[in-house]
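In this document, chain identifiers A, B, C, D, E and F correspond to the written order of the chains, with residue numbering beginning at 1 in each.
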């Protein structure tokens, strides 16, 4: 916990958060934000692709199934919580649910660096799980919202295009391919930029994320207390599901921690863009505040150590 | 040389609408447009442009009085309920009236 | 659908004035604004926008004739002596006249 | 305080013309200008601003009716045949009429 | 070939190209594009300047003469092909010819990394040849277009200024000087940024170039089939000329490969800017599509291995 | 001297300066400028924070007092020179004085790299002195200007906010905290970006600063000869004061050189922003031209070696 709190990337997030809360005029150039998020997504893919070389296809199957299951179960669960307990409108509930079913690549990057710091090994193909988990929940969310929605049937074409060719997934998959095809030798010439600087770039990005998060916190009064609770309870529930399915599908302690974190993380790139297109009536303030304002910081600061603890528990129990 | 009267329609909208608005403009008879990245504030809150989900763009198109009216009305029906968007129309003078 | 006449006030000023001008606009009754980063040249020299101290911004606000006049006059008294700033007002047409 | 009528000339052109258009404006009597980076589409195709050769800029200058006319005509003769460029003129109201 | 195809920088180019062709919304921030191109030009100069320390002035003379010759011969050759076979207007033909006589610094960077990968040595002064080859063709192109062009004599002043003080040449020369004057010791403090990250930055830049190239491909229908053929045949011809003059002027296998690639490469920074100013009547769609849409990808993916093969042939033959 | 002149970062500054003077169209993207200045400020703080670990609180006290003294004495001195000899208006004189009392973080970074190059040790807490020296002079400058200024009493609130939460100080202090709390071990993961690339980034930034400086030189005719003299003499005087107080407060040769340079440097981030807010009637052309156009280049190229020489003299004398 405190160990995690004293990690430079977490500290950078807090520095950014504080800057925003204190209304400092500190502001990263918007194109730097874009550059860093492109860099991080591509580098994550690249790293995953290189590691993939040492992965046996067979080993990937079970965890992938587990991951897809999470991608379908979590949004349905989230939707029902939001509707029944939270009394949210169908569209809003569905849109929020989609965010929690999908993933945050940055949270994934933070959990990996957490594991490396603690040097805990993880399966070489976890990046695949990241990619796999990004999409299904978005589809589920939209389907839920559309069920017996009077207003004309929707066009899936542009939406699928938006999702699969959107910045987020395209860069992850592109990176995976480049990394996999180049292989460990040839990739070396580009590693100083894409691997060597990775953690520093992550720190800088989290500084900016801190500022952005602080802005979202201002919207909390609009969104009400239930969403705050949901933003903390939901990732814990998803984290538990992720831990169980991770262990069940034979993932190591590290791999289980990663899957738990992926399950617990909420998307803030792919999902918001898709929801804005497919469910324009859903109020962005709700899903953005929940995902970015509450769940993201919760996972970075508290969640990850907790999911690691859960995984240790189940693995200690298992073995 | 004599100048001819035309209208310029200016749209300020969340950046995610860019491609779809451009399609609309062309379909409604606009022959061109100019876009600038922007930030701002309105009924839907502050859009400070510091990340993907809160960027605005300004789209301007020069066109005939009639096309301008079509565009204004279409945007009103299509986007005003669900998106952060405003638009307005103004009178300008140009050369090459057939270009617009 | 019928369009209603409003005014748009455009302010070009050194970027350091952003927060204080926004405060002023709200106090004077503007319900929103749009901002774009810019560069330029005028009586106070070239402001090429390549570093903190010589950036300009363009702030636009759509409002009633009367508010427009208030804003123009206020800016004149408040900033014109000391800062690189200009402002102008123009007529535009909008839907949703109550929004502005 | 009373506002005075002036004209604002807006030029959208490929960015490579920036320095030469600025020279022209000054020679024709403009006392200042404001520039914003832009992208767009027109008869000469899409100019998406993603690299050196397809950026646009918007140049605006506030001036007298007569200077505005001079500028519009000059640009027409000088650039319209060979470059991606448009320009238009509109009426605005300002304080400090002698400034412009 | 496949070796080259599996190099991360080539793969990045393909990923970018695909993104564009699939209409992904992936788009690098425009200021990142500018930053990378400034960085690459300056780093290329810097590296060249440091290497220059170990070069003897005498050795540079012959290759420089060979290079200038290429800079004059290639545009004249290209012009005649475009006029006689392609039936292009004088101005268009002259403008396109200027691009093919000049060079692409990025293509140069790619061939160097190709040689380093294959560890083939090259002369320490090749960066000088890059700079030398950039200018003459631009002048030749303009002269051709201006010959007995009625409309008033042109102002060379602003143009020379544009060319010699333009971003491209100024950064290369500036880098050369800084690198040369600092020397191998003092430069070390800045090498992590300018040398260590170079190949990674090149990969990122090529990702963006891929996107830009894909846009140009859309213009192919406007430009017609001849230009497509020209964009592939011309670099091969220039490559052959470069190989011959390189070997003749005593360059090593590596140096010959570099000169051949320089000859084959078409400019897309200095030349377009100069042409737009000096020959406004020339249609940019033609020269940009040829240079960026066809020749650039051809050189990156296929050309460089071919020029290397040519040079090996002639050197095998020679010795 | 020549040694310093041949350092890549100084050469980069000169290349930028020349680009501007020759009216090259070279121009770094504005967001790159912002990014680099954010990066440099944060990295400076980070480095200082890590070093701080090895500092004993006791040791910091005397030098801190010395530094604050400089922050009060220098602006008063500068003000009187400008009023009495320069005949400047009260507000202009006060605003310029504030700039010379405050500091330039980039100049600080250059002197550190100068010392490292010459491997001269310096106290681990010099970054604290940088932060400490930034503020007082700004307050002093404003107080001087406000003394018996008729027009209503000013609001200090927003101003203090501007100064302490301004980009410059917030990033330095934020970096200090992150560096100090993370400690030497945990910080390692981010050092490739923040320490490894530091000097290269500094070189790139100085290239841009050279361009900006060249623009300011154009204003020299407006500002008149006195200011030119002041921009060179004032840093020398401050440098002497810094040397004396540095040695007196027991700083080592390295530490004294740093303090002398801090004293001699003139602010161009915190001070201009504060002056524009607090003293709008002060003419920015005057303080920006003096600080950026004259003193900054003077310190980078000539000043630092001179201050080092001064410090050596006094330490030689002392011991």
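One rule holds for everything that comes next: a contact is a pair of C-beta atoms (placed from the backbone, for glycine too) under 8 Å apart; a residue touches a chain by one contact, two chains touch by 3 or more.
Everything numeric here is computed off the predicted structure, so don't read it as measured data.
Within the contact network of the assembly, the step distance from chain C to chain F comes to 1. Among the other chains, E has the CA centre that is most remote from the centre of chain C. The most distant chain from chain D is A, comparing centres defined as mean Cα coordinates. Each chain gets one centre point, the mean of its Cα atoms, and the points for chain C and chain E are 46 Å apart.
Chain A and chain E have CA centres that are 42 Å apart.
With centres taken as mean Cα positions, chain D sits 19 Å from chain C. Counting partner chains per residue, chain B has residues 36, 90-91 touching two or more of them.
Among all residues of chain A, those that touch two or more other chains are 28-31, 34, 192, 196-197. Pairs of chains meeting the touch criterion: A-B, A-E, A-F, B-C, B-D, C-D, C-F, D-E, E-F.
The touching residues of chain E, counted against chain F in their complex, run 29, 31, 34-35, 38-39, 42, 161-162, 165-167, 170-171, 174, 177-178, 181-183, 186-187, 189-194, 196-197.
Interface of chain B with chain A (complex): residues 14, 16, 45-46, 48-53, 55, 81-83. Looking at the complex, you find that chain F touches chain E at residues 6-9, 11-12, 15, 18-19, 22-26, 28-32, 113, 117, 192, 196-197, 199-201, 203-204, 207. Residue ranges of chain C in contact with chain B, taken from their complex: 1, 3, 6, 8, 22, 31-36, 62, 90-96, 99.
Only residues 10, 12, 36-43, 56, 58, 69, 72-73, 76, 80, 86-91 of chain B touch chain C when the two sit together in their complex.
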